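As written, the chain order gives the labels A, B, C and D, with residue 1 at the start of each chain.
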Amino acid sequence: MPGVPPSRFAYLGPSGTFTEAALLRLPAAQRGTRIPMRNVPEALDAVRGDDADAALVPIENSVEGSVPVTLDALVSGDPLVITAEVVLPVGFVLAARTPGEVTSIASHPHALAQVRRFLRTNYPDAAIVEVLSTAAAARDVVAGRADACVCAPLAAEVNGLTVLDEDIADNPGAATRFALVSRPSPPPPPTGNDVTSLVVYIAHDKVGALLSVLTELAVRGVNLTRIESRPTGERLGRYAFYLDCTGHVTEERVGEALMGLKRVCAEVRFLGSYPRDTDENPVAPPIGLGNHDFADATRWLQGLRSGG
Amino acid sequence: MPGVPPSRFAYLGPSGTFTEAALLRLPAAQRGTRIPMRNVPEALDAVRGDDADAALVPIENSVEGSVPVTLDALVSGDPLVITAEVVLPVGFVLAARTPGEVTSIASHPHALAQVRRFLRTNYPDAAIVEVLSTAAAARDVVAGRADACVCAPLAAEVNGLTVLDEDIADNPGAATRFALVSRPSPPPPPTGNDVTSLVVYIAHDKVGALLSVLTELAVRGVNLTRIESRPTGERLGRYAFYLDCTGHVTEERVGEALMGLKRVCAEVRFLGSYPRDTDENPVAPPIGLGNHDFADATRWLQGLRSGG
Amino acid sequence: MPGVPPSRFAYLGPSGTFTEAALLRLPAAQRGTRIPMRNVPEALDAVRGDDADAALVPIENSVEGSVPVTLDALVSGDPLVITAEVVLPVGFVLAARTPGEVTSIASHPHALAQVRRFLRTNYPDAAIVEVLSTAAAARDVVAGRADACVCAPLAAEVNGLTVLDEDIADNPGAATRFALVSRPSPPPPPTGNDVTSLVVYIAHDKVGALLSVLTELAVRGVNLTRIESRPTGERLGRYAFYLDCTGHVTEERVGEALMGLKRVCAEVRFLGSYPRDTDENPVAPPIGLGNHDFADATRWLQGLRSGG
Amino acid sequence: MPGVPPSRFAYLGPSGTFTEAALLRLPAAQRGTRIPMRNVPEALDAVRGDDADAALVPIENSVEGSVPVTLDALVSGDPLVITAEVVLPVGFVLAARTPGEVTSIASHPHALAQVRRFLRTNYPDAAIVEVLSTAAAARDVVAGRADACVCAPLAAEVNGLTVLDEDIADNPGAATRFALVSRPSPPPPPTGNDVTSLVVYIAHDKVGALLSVLTELAVRGVNLTRIESRPTGERLGRYAFYLDCTGHVTEERVGEALMGLKRVCAEVRFLGSYPRDTDENPVAPPIGLGNHDFADATRWLQGLRSGG
């Protein structure tokens, strides 16, 4: 039913992952049903098949390395749109059943990579056990297969573990960005600090094709905060581009830029306009390219056409 | 009264110039009053002051060298718009009172420059008399101050001269372009082969400022057929740019480009959209940038905004 | 010792992975020592610490999801350069100890994602067991923890497994690209079909900064075959860009483009010029931008400067 | 003889024009022979035919309207280069044989256009006599064919006239720019405030062709101070572009930009690098695009190529 807020939330499980921690930041998800899924494609398919109203999946810089999976799952299959983002600081902890000697430490390889310096300094002699996820590492500790694990604070709490060390990531500012995805619907209203995500396909083997794409954005003062080329799946060397831009589809600047991309690209898939989850102020548009300037130019053109 | 076609036509005189020949190509001018003016500024001021409904003035490649004068007169003073253009092949003739020996030939220096090779080959010994206009040269022949003159066919006819040689220009494809100028009014309807003229002012001393201007055009597939930088009159080295673009202000492509220029330029003065006077077909827009593509993109954006 | 070909090859282990299969494509590696490493950072550090002469690591589209890890490991720490690439078709097989009923299938989640359709059609009732790598899955089959696994042909062979189904990837054209990395050295000679890899850092929060980067390439006719923005590690939202370009650093076109990037970027890290491992012919440069045209222009400029 | 400074100077005559005043600013011309020519093409042909070592001709904003003539004469025929520029303030005077009533005023139409407001205010009832040049107007006053003339101070002096009013131009900052033209030779050494002139021909009917030209300049931080499209003479609508850029052909930035133009244009004709005749400081290049940055980038590239 359109207009009804989502109440059934799929997410990348299992329980205790960073994704669940991110999901709990959304008030509607706190009240609603939370459904852990085995992987990102299944989480998105749950939305496509109406088994869930929305799905929260990691989209960037995830310790689980799930970004490409998420991007691919977003664009293959029926259209979906992102309606919200959640940025979660990645605060790894070292957790054990009880304080004591640590001779083995389990975690996912990507998480281990982010705490390498910490482990080398503090637990130089511990055996490292690589497992499939940080949540699985926590369960391995519960089951006695490892003395300790590197995991999210939530996973330690869910599994009743004791936190031996907090904030152990070598780079303390790390964070993961999650996307709340739903079936196509009108975008949430603009807030003044929004992001628009899209994927564009360009004719391959064409020098300057990507330049044309970026020119369409720059001419309207639309800032690009992220770009990633991805193979289209047809062959290595054929790419699509995932773009995050500042602004909202209902703004003139963004609408005109999107129309420009639609004209010069082989295909454009709109992935949503949604509020940025950040305390930072948005980058101001260049001089002459503010929303006010767009409105002025529209009025001026109307005058020219009517001979005024 | 709006909607009433012009009936009083000022033009760059005197009678017998190429400008009058061009004016007679316009049916309304054949029926209306034709008022010769001494120079271009006075012709345009006659329109500004409502002493004429329209003025025909040379705008490009004129043998009289009046282009800069016309451009300057168009932009200084109250706004005017071009509503039609006339392109006239420049067919110089050598004319005399009667056939006979030619020992002196009069004409304007620019006209003489265009027939240099002809004169050197055919009249190597004739004395060259430089005078103020080709029409004045014809009158000098009538008055006996020169044996022959280089002038327009019309001037020979008006002055009752005998044409000794036709089509004597060294470069046979030469032509002059004239603009019919009136007070601001809704532009004539688009024909599919139109030109839009404007002058833009850009912040001086800024590398890349003109690049921004051209990018606004190129991104919308708007072709540039003419560009000229002109001093702004303040100081040498401070320029405005006169641009002729393909297309009509009522087309989406052109409208969007004009709005883009309005945003990035210090000032834009619209000089009109009007039919091109040529047998040539217009240059097709690049693939993906036709009017049809603009309409498609507009519909697509509306779909995104409504969540369709 | 400079000039001595590499004989000690680190690679992303364990034995039986696609990376080992790729390494065996290099004649020098067939003769030399092959050293499996636990992860990409350790493989590269082995080169940095002179425990290996070169390291082969997956760089793009790997089923192990190791691309971001590789990129990050390449740019953090002492400089390294890529001297060769190997592109390996990803031919998944379903392997078991002996033919028989298959009730459980193990593999890495990304590999499972690539054979989803195959498994759904042919083994709809089998339990799926997600493990840490495709090589680990093969060992799980040997150990009896799963009936079958999805793995590389080499892993089946190394572990003495029987191949039940070949070429089971849903998308048959999949491939993985590997990079052979060594300490800084003169690049291998150009072959006419080379790629140049680099990472550029641009001032954040600047509309159009990436546009400047791409313009530097496009102006010299340098094609971009891959681009990826990566967080710089400082904060989410601050990015570097990984670029793959056609051409070789010793070519004029590429050299001039690199100098241009050096001037407009905050920092440029050169990651090597090396032969493309493909049967496809390189994309021809645009008209007027071939190596021949660069040589012509250089001679012309010399003439201008000497007044010729 | 190469290296010998010019001693025979052709210029746009007759004696008493602004061009002669400009020529007298050059020390070598003060000592050398000064040869007045009837028009610009003949002045340039005198250099081509070795009847003069150099020619001074008006190139921009001339009251005589000779700009297009100069540009056309520069590019048709054997190559010539500009080796110096002279910028002369245009200080019109009203001159008469003796003080007294002024009932008729002679001048060239363009000069009259520049003093319109002055004449309307101070001599509203005088008859205006349009003649072929301001110098001719001065001679007409000598001959009694007009009471007064609008001319250059030099013309008044040369003809023994009394100056009635000084500095009568409506726009007091007006100036004319002259070019000293010689046969091809090494350019004068760079001064840090130079200009490089060229004419480029681009494939017609190509959207974005001029954009490519400007991009070649902007990418190297080369500023454009003047641009003018000119018909190529073949047909109306086919253009060449006259460009003035900041900088000197021996600078890396300018050299690289010229090579870029050479590659993307159908033809480039170099018209010389020469010191700017101005008290203004040159525009500084954008950050990262100074000569120092070009030198740094060159060294960096050499390091990459040698594996350093």
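Methods note: a contact is a pair of C-beta atoms (placed from the backbone, for glycine too) under 8 Å apart; a residue touches a chain by one contact, two chains touch by 3 or more.
Here the structure is a predicted model, which is why all the values come from computation and not from measurement.
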Fill in the blank from the handout: Any chain touching chain C and chain D at once appears in the list none
Exercise for the section: Would you kindly tell me how far, in whole Å, the mean C-alpha position of chain B lies from that of chain A? Expected result: 57
Exercise for the section: Could you please state the distance in Å, as a whole number, between where the Cα atoms of chain B are centred and where those of chain D are centred? Expected result: 24
Handout entry: Centroid spacing, where centroids are CA-atom means, of chain B and chain C in whole angstrom
Key = 59
Handout entry: Shared interface positions of chain C, touching two or more other chains
Key = 215
Practice task
Make each chain a node and each touching pair an edge, then name the shape: line, ring, star, complete, other.
Solution key: ring
Practice task
Spell out the residues on chain B that touch chain D in their complex, using ranges where they run on.
Solution key: 38-39, 41, 60-61, 65, 67-69, 87, 109-110, 113, 116, 130-132, 171, 173-175, 177, 205, 207-208, 210-211, 214-215, 218, 221-229, 231, 233-237, 239, 241, 278, 280, 283, 285-286
Handout entry: Of all residues in chain B, those that touch chain A in their complex
Key = 81, 184-187, 215-216, 219, 249-250, 255-256, 258-260, 262-264, 270, 288-289, 293-294, 296-298, 300-301, 304-308
